[in-house]
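The block underneath contains the structure these notes are about, expressed in structure tokens.
To keep things simple, chains are lettered A, B, C and D as they appear, and every chain counts its residues starting from 1.
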Amino acid sequence: MTAVDDRPVLHTHTIRLSYADTDPAGILYYAAWFPKMEALQSEFLYLQGLRQDTLIERFGWWTVSRATQCDYLAAARLFDEVRIELRMGRIGTSSFRFVFRMVRIDDDVVVARAQNTVVTVSPDQASVPIPDDLHSHLLRWAGEE
Amino acid sequence: MTAVDDRPVLHTHTIRLSYADTDPAGILYYAAWFPKMEALQSEFLYLQGLRQDTLIERFGWWTVSRATQCDYLAAARLFDEVRIELRMGRIGTSSFRFVFRMVRIDDDVVVARAQNTVVTVSPDQASVPIPDDLHSHLLRWAGEE
Amino acid sequence: MTAVDDRPVLHTHTIRLSYADTDPAGILYYAAWFPKMEALQSEFLYLQGLRQDTLIERFGWWTVSRATQCDYLAAARLFDEVRIELRMGRIGTSSFRFVFRMVRIDDDVVVARAQNTVVTVSPDQASVPIPDDLHSHLLRWAGEE
Amino acid sequence: MTAVDDRPVLHTHTIRLSYADTDPAGILYYAAWFPKMEALQSEFLYLQGLRQDTLIERFGWWTVSRATQCDYLAAARLFDEVRIELRMGRIGTSSFRFVFRMVRIDDDVVVARAQNTVVTVSPDQASVPIPDDLHSHLLRWAGEE
């Protein structure tokens, strides 16, 4: 994933892992990253003027998650401070990916990597090719325009 | 609660409400504040050198939540930015309260108030009077020493 | 709360506490009950034909949570099985309460009690008196008709 | 994944999607499956006598999640009833997978598939080959002994 890691960071949140994020062993609860990924991705799109809940009305299409995955690379623990980085991943014809790196602040260790595959759909949820205006955004976010 | 509102703010987090925090009407999901309150309170105590999971070993007592409550005062919505403020509440002989104000950044409206009643307990979870060293901290946090 | 405890149980869920519900001490994470309370209350109303997201359109009013509170009475632990019971609480003129008891299956200990205060509101979120049709439901649920 | 789908179902939970599980469009919030997958997998292991938090002490090894992924195949909606099925997936030399199918009760549609890759580790979190006693369990769970 070197190529993706070289792409510009689009948005970050820095959070400190708390009790809700960790299990009785004091290690990250594996489901904890997903809501944080969603909050980062949604805020980024919101700040770009692309509120997901307005897309159908404004543009005639919207986006849904088709797949998500996360790899846990190092043990993250209670009270660790972690920076979540959002970057553009693969851009296809009817889907694209946001990729995430979770970097522990103290030692710069990448504790997790994740990605979220998004598809563009019509109002009735049929898959549609990525619209041109969105495609331009994606290329710009990938640093490729 | 005027008196409490005049007490010093001990710690704050500013968060933007995202999809996980809101229900299908786009209004705050009522359970959404509690994990955010916990994260704020736990980080404050951690930064004060009082990691909750080290208290028994270091001091021979620890703390558990005995009660919590939240009042929803104004509709908070998807993408609202909200500052959560932590203050000291009532200090009793074997319990004390942390109080929380959720203030919407845009218009300074208090959208919610909450409190968390904490009791000090022995290792086997029997209630004990607030230990002197903790009591000193509480008075200082209340701005009363 | 004896009177309320004598009221009929409207709905129950039995769940086993898992890692997401407990903190590093293996004790219930204090925010864990709220989403389970919501799921129980919402399913009850759904099964009664009162889907919350259809109320405005069908009846011209809907409901929002005004306050919630929870008292933690006994330590609930990882893998405890707990039955959450829903009962009708106080019925006022423009608000009513659902009350919840969390009973550990193994020893019948009430580990927590909680309540959720609901207000009836107009589409623009102004408080309105409880409509007659809803009021009849509430009395029936309280076992008082 | 036909082969895996033919393996025996090890454990199931049936849940009704509620407000916490859905986003403002009334569609499944993409992070919602993960805590439910964890609860199903953890309860299964608990009922098999393999409480994850006792493994180190009893056996000298324990397990951590190395990766997880979920594919969203059909739109799941507020109040849909869904059965989550747990099956054994691929068994390697130092890792194995649990696989999950989420089946909507009303129409038997598979709304999501997911998997959780687990590795066996020493107390200091170094990867170790799957111990013999666990390996026997895995083969039995896969229906292959």
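The rule is simple: a residue touches a chain if its C-beta (ideal position, glycine included) is under 8 Å from a C-beta of that chain, and two chains touch if they have at least 3 such contacts.
Note that this is a predicted model, so its numbers are computed, not measured.
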A student comparing C-D to A-D should find more C-beta pairs in contact for A-D
Of all chains, the one whose CA centroid lies most distant from that of chain B is D
On a C-alpha centroid basis, what's the spacing between chain C and chain D, in Å? 30
Using mean CA coordinates as chain centres, what's the gap between chain B and chain D in Å? 34
Here the gap between chain A and chain D, centre to centre from mean Cα coordinates and rounded to Å, is 23
Residues within chain B bordering two or more other chains: 19-20, 24-26, 29, 31, 35, 38, 53, 78
Mapping chain-to-chain touches, which pattern fits: line, ring, star, complete or other? complete
Per the contact definition, I'd like the list of chain C residues that touch chain A in the complex. 19-20, 22-26, 29, 31, 78
Contact residues on chain A for chain D in the complex? 24-25, 27, 29-31, 34-35, 37-38, 53, 64-72, 75, 116, 125
Using the touch definition up top, name the residues of chain D that touch chain C in the complex. 16, 18-20, 26, 35, 38-39, 42-43, 46, 51-53, 78-79
